[in-house]
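Quick one: the structure is below, questions incoming.
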Amino acid sequence: MPVNKIVDSFDEAVADIEDGATIMIGGFGIVAGAPSLLLEALARKGSKDLTMVSNVTGFGKMVWKQLGFKFAEDPDILVRNGQIKKAIATAPVSTIYENNFERLLRAGKVELETVSQGTLAERIRAAKAGLGGVYVSVGVGTVVEEGKETKIIDGKKYILELPLKADFALIKAHKGDRWGNLVYRRTSRTFNAVMAGAATVTIAEVEEIVELGELDADAIHTPGIYVDRVVVRPLVIEEEEVEINAEAKESYEKFKERKGN
Amino acid sequence: MQEKERLDRQTIALRVAKEFQDGNVVNLGIGLPGLACNFVPAGREVLFHAEIGVLGFGEMTAPGEGDWELVNAGGQTVHEQPGMSCFDHAEAFVMIRGGHVDVSVMGAFQVSEKGDLANYMVPERQIGVIGGAMDLASGAKKLIIAMNHTTKDGQPRVLKQCTYPITALNCVKLLITDIAVIEVTEKGMVLKEVAPEWTPEEVQRLTEPTLIVDPDCHEIELM
Amino acid sequence: MQEKERLDRQTIALRVAKEFQDGNVVNLGIGLPGLACNFVPAGREVLFHAEIGVLGFGEMTAPGEGDWELVNAGGQTVHEQPGMSCFDHAEAFVMIRGGHVDVSVMGAFQVSEKGDLANYMVPERQIGVIGGAMDLASGAKKLIIAMNHTTKDGQPRVLKQCTYPITALNCVKLLITDIAVIEVTEKGMVLKEVAPEWTPEEVQRLTEPTLIVDPDCHEIELM
Amino acid sequence: MPVNKIVDSFDEAVADIEDGATIMIGGFGIVAGAPSLLLEALARKGSKDLTMVSNVTGFGKMVWKQLGFKFAEDPDILVRNGQIKKAIATAPVSTIYENNFERLLRAGKVELETVSQGTLAERIRAAKAGLGGVYVSVGVGTVVEEGKETKIIDGKKYILELPLKADFALIKAHKGDRWGNLVYRRTSRTFNAVMAGAATVTIAEVEEIVELGELDADAIHTPGIYVDRVVVRPLVIEEEEVEINAEAKESYEKFKERKGN
């Protein structure tokens, strides 16, 4: 039988994500790299008490609009839906406004583990790579060191960082095939490619499904070995009105003027 | 007494960019530092790195234009340019942690005399945004901080000891503020440049540690 | 007494390939195991992995033909097929060590009753060739050993304890030799199949640990 | 000034590799992935007492010919030239004949550290990634464990493996540009991409130099940040007569017959 990892719908793709699961969510916090339709499906399913591993806990529509992007969901949809028990993230709150996660955190309704970004990537990779742990010097002398084993290696102090594994990884790619081979576009690769294979089940949301062989062997970013399910987006995500942030506009105009001189 | 004019964000970014040497790999933080990609001195070739997973991108696009899958660490769309490469997040931090990035430019809340950096959490908020700051502060060969010299109510942010939670110890090499350029050395903080019309004494008055005034201390040069 | 005929290398490889299930990712070691890529049962889709950095390649090409930059772990050129992906060595072993490879097939000098494997050094030589064997033996979900049942001078290579240096402990799940198919279980070694005309007693005579003869033990089936 | 990492000759590329240097050599042991002309140049230069990190210590011409390959140099050239003090390798000797390294080792003229292949790759990556070390379970209970720190993590025993850094990495790629961006072809990526950036100076031998921008940003395997020098091969490497190994031929014929049935 030909291998076929393609599933027919987003709801089917997330059907076995039960209450209490640990899930990884790809992307950086920038909407283009987020598995938006998988997140919407998981919101519809309504699984509770999830532990969520992601770079950000979600900014929600406001920030995307200010950045001038077409709108799509980010991890915030699970937060505002009350599905998250704990977040492991590098940027759990916003520096400019109070996001939904911060509100719940201040109300004592969610837990938080803050991780440095490079260490988050390395811990996820360690799980995927079957390593027992890695020594990282980032965070020495800071809050990140608290409660962790340290070791002097070659005269320098390192913190022992342990692998981070999940039950499910929800990721977003540009194209995929029936073996689960994936390619990403530009800065949307980010945590998506890192998380692929670091969970028991990796589910990829793609913009396009291509025939086996269409992706060049040398240019595949995520070999199919790491991917369990592939589900394709409808052609166009609903676009919403976009307002450009006034400050960004002004700053750009000033820059253009200066360059003109 | 009316305070003298300080440099605006664009001008600070312009001064920051003067530091970039030919062939440098430069990571620009979110906000003000991100603007520096627009001001590379003419004739120099600099490779910008963003921890989201891109090296060698060009200037920012107009807001709302550009490829929404080609953004810097602040989510602003940038221009593609020949030689650009994209990679995943683990690789981006292999570059950072592994010491392959020549210059990192970040904002800060506080910087200490010894070059300690505090830029991930305002204590009153209790919740920090570490992001890639700790990695960049410990990993880049040279860390430049671009920030306002004082808080909104005029208190110094260049301190003997940071009072805010630390991002990384002994990491800041150069400080570019809205009134001064200060080098962090083993002997102490050396004042190298002051904003137009500012005197070293005026800068010192807004700075907690004692500054060593460089014999060659002069007005900030932008070109 | 003339000994009965044993299976040749091609036939052992054919029997090995029968183990591959639809969608399995299978790593084939150098030598005999490498031949198994030629014998995937009809209608099954199996993805072959080589630690040199390729997944999903096809059959071997004729010697001296093929793309010399598309080879298996033994340096033999293989055919490209749709869906194939290439990667670097670190990634190849992320797949292996991380438990992403379903089946690994290797040769061996000795296998113990508990599934310990010795295949990297003949003690007399004192120098071993570890290669990827330790990684594959500890990392793959299922390890199949394909080897001759006895040494050239007729001594058993299926032993109570390995006398050669160990590659990895408790790792072998299935043993396919030129005279038998043996499963390594918690209760001991179970004889599942024997070569044509061989009896379980004859296999036992060439095997050090006591074999549990499966009630369903039968002649090796190749198709 | 435009960045330009392209150097004009192989001799210039290796001119500063002095006696006693630690060098990494890319490739797997299969000739296509070896930086053959850099190795020839280093043999001409004659630097001695080198520590060599590579998958194999070299098979020499005999094996390549038997495999039916066009001939090019592999690490053996430095071994038979007497330039190596110590080798760190996964397959230091051949299983089928006595190679030059084995002869020197038995004569006590070189040292050897044998490493498991996945661990070699991970130790090199650790150096490139600025990690202090990684915990690996591969090799537990074997000779590889001897003399190393171990640790039980989550009930499983791991060995602490330390980063492996070099002064120079000599690698081979398919195409490169003046920023040092590289792409590899098929199974020639192997240790080449892993070693790029794990040495103070990385030198890449390429088959073709392309204009900046010709390599797609999404398909670059080694971003230029890891590469210091790029040097291009002359168009054709001298081909030698190739004899096909008789056993390989016979085995293949038998397979074809069987498939014919």
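Should a chain be cited, it is by its letter among A, B, C and D, assigned in written order, with residues numbered from 1 in that chain.
Quick note on the criterion: a residue touches a chain if its C-beta (ideal position, glycine included) is under 8 Å from a C-beta of that chain, and two chains touch if they have at least 3 such contacts.
Remember, it's a predicted structure, so these values are computed and weren't measured experimentally.
Asker: Starting from the defined contact criterion, work out which chains touch subunit A and subunit B both, please.
Answerer: A chain counts here if it touches both subunit A and subunit B, which gives D.
Asker: Touching subunit B and subunit D alike: which chains?
Answerer: In this structure, the chains that contact subunit D and also subunit B are A.
Asker: If I average the CA coordinates per chain, which chain comes out farthest from subunit C?
Answerer: Chain centre farthest from subunit C's centre: B.
Asker: Between C-D and A-C, which chain pair shares more contacting C-beta pairs?
Answerer: By number of C-beta pairs in contact, C-D is the larger.
Asker: Roughly how far is subunit C from subunit D, centre to centre by C-alpha average, rounded to an integer in Å?
Answerer: 27
Asker: With chain centres defined as C-alpha means, what is the inter-centre distance between subunit A and subunit D in Å?
Answerer: 35
Asker: Averaging over Cα atoms per chain, report the distance between subunit A and subunit C in Å.
Answerer: Each chain's C-alpha centroid was found; their separation is 39 Å.
Asker: How big is the gap, in whole Å, between where the Cα atoms of subunit B centre and where those of subunit C centre?
Answerer: Whole-Å distance between the two chain centres: 57.
Asker: Mind pulling the residue numbers of subunit A that touch at least two other chains?
Answerer: Residues 122, 125, 129-131, 136-137, 184-186, 189, 217-218, 221 of subunit A touch two or more partner chains.
Asker: Residues of subunit B that contact two or more other chains, please.
Answerer: 54, 80, 86-87, 93, 97, 139
Asker: Drawing the touching chains as a network, do you get a line, a ring, a star, a complete graph or other?
Answerer: Graph shape, chains as nodes and touching pairs as edges: none of the named types, so other.
Asker: Mind giving me all the chain pairs that touch?
Answerer: Chain pairs that touch: A-B, A-C, A-D, B-D, C-D.
Asker: Across the complex, what residues on subunit D touch subunit B?
Answerer: 1-3, 125, 127-131, 177-179, 181, 197, 211-213, 215, 217-218, 220, 223-226
Asker: Inside the complex, what are the residues of subunit C that reach subunit D?
Answerer: 9-10, 14, 35, 38, 50-54, 60, 62-65, 67-71, 75-77, 80, 86-90, 92-93, 96-97, 125, 127-135, 138-139, 165-169
Asker: Tell me, which parts of subunit B touch subunit D in their complex?
Answerer: 22-23, 25, 43-45, 47, 49, 54-56, 80-87, 91, 93-95, 97-101, 139
Asker: In their shared complex, at which residues does subunit D touch subunit A?
Answerer: Residues 122, 126, 129-137, 151, 153-154, 156, 158, 162, 183-186, 189, 216-219, 221 of subunit D touch subunit A in their complex.
Asker: Give every residue of subunit A touching subunit B within the complex, in rising order.
Answerer: Touching subunit B from subunit A are residues 28-33, 55, 63, 67-70, 90-95, 102, 105, 112, 114-119, 121-122, 124-125, 136-144, 184-194, 221, 242, 244-245, 248-249, 251-252, 254-255, 258-259.
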